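Order of writing sets the labels: A, B and C. Residues in every chain begin at 1.
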Amino acid sequence: MPARVSIFVTCIVDQVFPRVGMAMAEVLERAGYQVEFREDQTCCGQPAFNTGYREDARKVAGHFIRVFRDAEFIVVPSGSCASMITHHFFDLFPKGSSQYEETEYLAPRVIEFSRFLTEVAKVDDVGARFEGIVTYHDSCHALRELRIKEGPRRLLRKVRGLELREMSAAEECCGFGGTFSVKFPEVSGGMGRTKLDSILATGASTVVSIDSSCLMQLQGVFSRAGAPLKTMHLAEVLASR
Amino acid sequence: MLMKPEQEEQIRRTVDNPKIQLAVYSATARLKEKREEAVASEALPEYQELRTQANRIKKHTLENLDVYLEEFEANVEAHGGKVIYARNGAEVADFILGLARERGVRMLVKSKSMTTEEIHLNQRLEHHHLEAVETDLGEYIIQLAHDRPYHIVAPAVHMTRQDVADVFEKNLADPRTEEPEKQAMIARRNLREKFLAAGIGISGANFLVADSGAVCIVENEGNARLTTTAPPIHIAVAGLEKMIPRARDLAVFLKLLGRSGTGQLLTVYTSFLSGPRRGREADGPGEFYVVLMDNGRTRLLADAEKRQSLYCIRCGACLNACPVYRKIGGHNYPGAYSGPIGAIITPQYEGIAKDPWLPFASSLCGACAEVCPVKIDIPKILLDLRKEVVEDRAVHGGGFVERKAFQMYGWLMRRPKLYAMAGRIAAKMARLPGAASIGPAAKWGSVREVTLPARKSFRDQWREREKSK
Amino acid sequence: MTPREEIFDRVRKALGRKPGEKPAPVPEPRIRIPEIPPERRVALFAGRLEALGGKVYRAAGLAQVREIAAGILEGAAAVCSTDPLLEKAGIPGLTGVAGGFQDEPSLRAACALAPFGITGADYGLAETGTIVTRSASEARLISLLPPAHIAVLPLSRLLTGLDEFYTVLPKPADASSSTVFITGPSRSADIEMILVRGVHGPRVIHVIVVDEEHATNR
């Protein structure tokens, strides 16, 4: 068991949801890990990559590689950013380039937070307590690129006081989609509202996910609709006592 | 601007139209559910294996397409049919018009074909006073309404029975009815006359089978069978990419197509047609033609990665799975193909500059790739096309502000100290009055509340925490 | 260049191939024929077809085929194909049944008016509830124009499914210009996703499965 893990908090958690990063660090420490935060970290490059700016994305990805090249484990509180690194860095660098090879070395060490707990640390019960009815939103990249589906649910079921209810549209996109959300606001907002209907039908008061960007989208839609729903990152729920 | 303001307005109107939203959402939900049941591991344990095989067979066929075209042509001719090559839609129309003129044909019937939709064949024929009657129930309604198909497998999915009653009342002599059953019988009666009088039947092809010189057509109503049986001439119009090597490959594709499209194990009719009627056969067309059309396909073929766009078997599963299609519907996509497959095919057929917004109209959720029976990696192609749009705009202009913003991003994200400082400034600026009314924040805020950046970033909090240890 | 030459040229350029260049080996499709004993096949076939709104009957011999057909027809007019099996069963002799059409115009006229079309079936596919008719033995219009279709399927021709069909008949075009799989009655859901039967083809399909042992011994 590695005693030490490095965390890549992602730019959105760093700038918008620092509490998610703090919660993740806390849960990891409680699980017995020494947590390291490398201050030179910034972003994975996904915003540029997904919008078609490969050159700019490549530069940012190169920076990520330089910062984390010698880390043993890099834990990420986002399925989407983790997948950018483990899947799409390979689309950025030509096969045989040093950065491609470095990505080959790095990719297996970059692990989404819930997967790190269930598959590396092998803990389902982190000793959390949270009172309330919760529904879990499958973020698309975690679900379809990383194949993360059961792990987060297993962790949630072990939380004392928490009741997990499935929504019918758990696997449907929240509508965020990065720059899609501002290029096509009506469509993005409409997708969020469809999701809201499905969430409301469960009677849950809190929506949990492993991606802060989805939660930002959903919270924005809930607030605009005046829906009495809260969004929480899985790390926040697991850090609750 | 990626999109014209009127296109944006049109999309807004669709999203805000509760009638359309309900019709499309419930129809796609139903199709989605039926597909899921049909491919569930209890129902079809070999589903994933079949997908992999279908992908491999399509890949192989396209990689060796010249060989299969030759084989197909030889076999069609051996059975007494004829293969015509058309570089574009105009050549397809020219062939049909020429043949109609020679045979004195004034009216022809058509069964559902996305390929002829793609080249606006009906308009081309009607322009030369050749009447072309659509015979699929949905397509018939659409044609009478002068509308465009909304969905690859359910063309009139956006119309209610009242809409259909209006269209029939305006165009047909039958008494008005709002019962779908009776409406279908009105169509049956009216079209039956057309089938029996038409001089030519035009069909599409779901598959072109090289070792048999055959076209394979799947359908539920029987209109494709009538189109290819009753008139004395049958013309099948198909894109080059519809080729598969052998009849037995259909054992793979037919199991996937019906299930993916509508959840059916097989559609009601699967016709396997090769050549005109033979010596002892009692009926069937006396002449049989297959028009093989390029219309941009060979351009796609040249790109080894994006070539997979041509694997598509037009099941429509990606439309039903796509949250964007389900919001904006079929008519906001330019071209004949809507949904995720349209978003990758149309820009490749017509060039990315024509509708540069198309590849961006996706949240990249990946639901399309997950349901695709031939495993087309649609999100990957969307990403590649986005890259091409960005590169094209860098050369031909457009997108200046965004390009500069991402250059700045690429620069800043390699300078952690500056990035941290910029973050601190941004957190303050975001709280200034009026900040929410500019740029992306305004777009974001137009439909949902804005979450402000934290007053203190993670890195600043972390530093404090480490110090206090 | 003719369109043909140009298209071949474009294709070969796109693929980097030369004329006459041999193709790479083609991947084999997955063909696996399940073992289903005949009686289970009939049950499977009937279950599938009935779920789609079709009707399945079991006849011990050709005499019974005739009885069942007569029961379905109830004296109504029908067009009958030239399938020898139907003749052996005496179907053309039933009241109102017309058969033996050799020329297309009279066949077409009869099919356009008759409430029933009666054909044989070259094969059946149990897994999907499908019957297969081929133009070499069955006129196409008989199973298409009349509003109801009766098909007689010898049990020995009831295959398990698609995989067995393509094993038995890997080149369906060799002997017949048309091979059609018919899986239930004609249907459409184009208006509000509401199922309507008999849009263009028959709204009713009856399949009589006959034990051929008896059929040939007769």
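The rule we apply is simple: contacts are C-beta pairs under 8 Å (C-beta built on N, C-alpha and C of every residue); 3 or more make two chains touch, one makes a residue touch a chain.
A quick note: this is a predicted structure, and the numbers were derived from the prediction, not measured.
Legend note: the chain whose CA centroid lies nearest the centroid of all displayed protein CA atoms is B.
No other pair of chains has as many C-beta pairs in contact as B-C.
Centre to centre, using the average C-alpha position, subunit B and subunit C are separated by 30 Å. If you average the Cα atoms of subunit A and of subunit C, the two centres end up 54 Å apart. In the complex of the two chains, the subunit A residues touching subunit B come out as 9, 11, 13-19, 21-22, 25, 37, 39-43, 45, 47-57, 59-60, 62-63, 91, 140-141, 144-145, 171-173, 175-192, 194, 216-217, 219-221, 223-224. By the touch criterion stated above, subunit B contacts subunit C in their complex at residues 23, 26-27, 30, 46, 49-50, 53, 56-57, 60, 63-69, 75, 79, 85-87, 91, 135-138, 141, 154-157, 159-161, 164, 180-181, 183-185, 187-188, 191-192, 196, 209, 211-214, 220-223, 225-226, 228-230, 240, 245-252, 254-255, 262, 264-278, 280-284, 288, 292, 294, 298-299, 301-302. Those residues of subunit C lying in contact with subunit B across their complex are 2-4, 6-8, 10-15, 17, 19, 21-24, 26-27, 29-32, 48, 52, 81-82, 101-102, 104, 107-108, 112, 125, 127-130, 135-136, 139-141, 144, 162-163, 165-167, 170-174, 176-194, 196, 198-202.
Listing the residues of subunit B that touch subunit A in their complex gives 2, 11-12, 15-16, 25, 323-324, 326-328, 357, 360-367, 369-370, 380, 383, 386-391, 402-403, 406-407, 409-414, 416, 419, 423, 426-427, 440, 443-444, 446-454, 456-463, 465.
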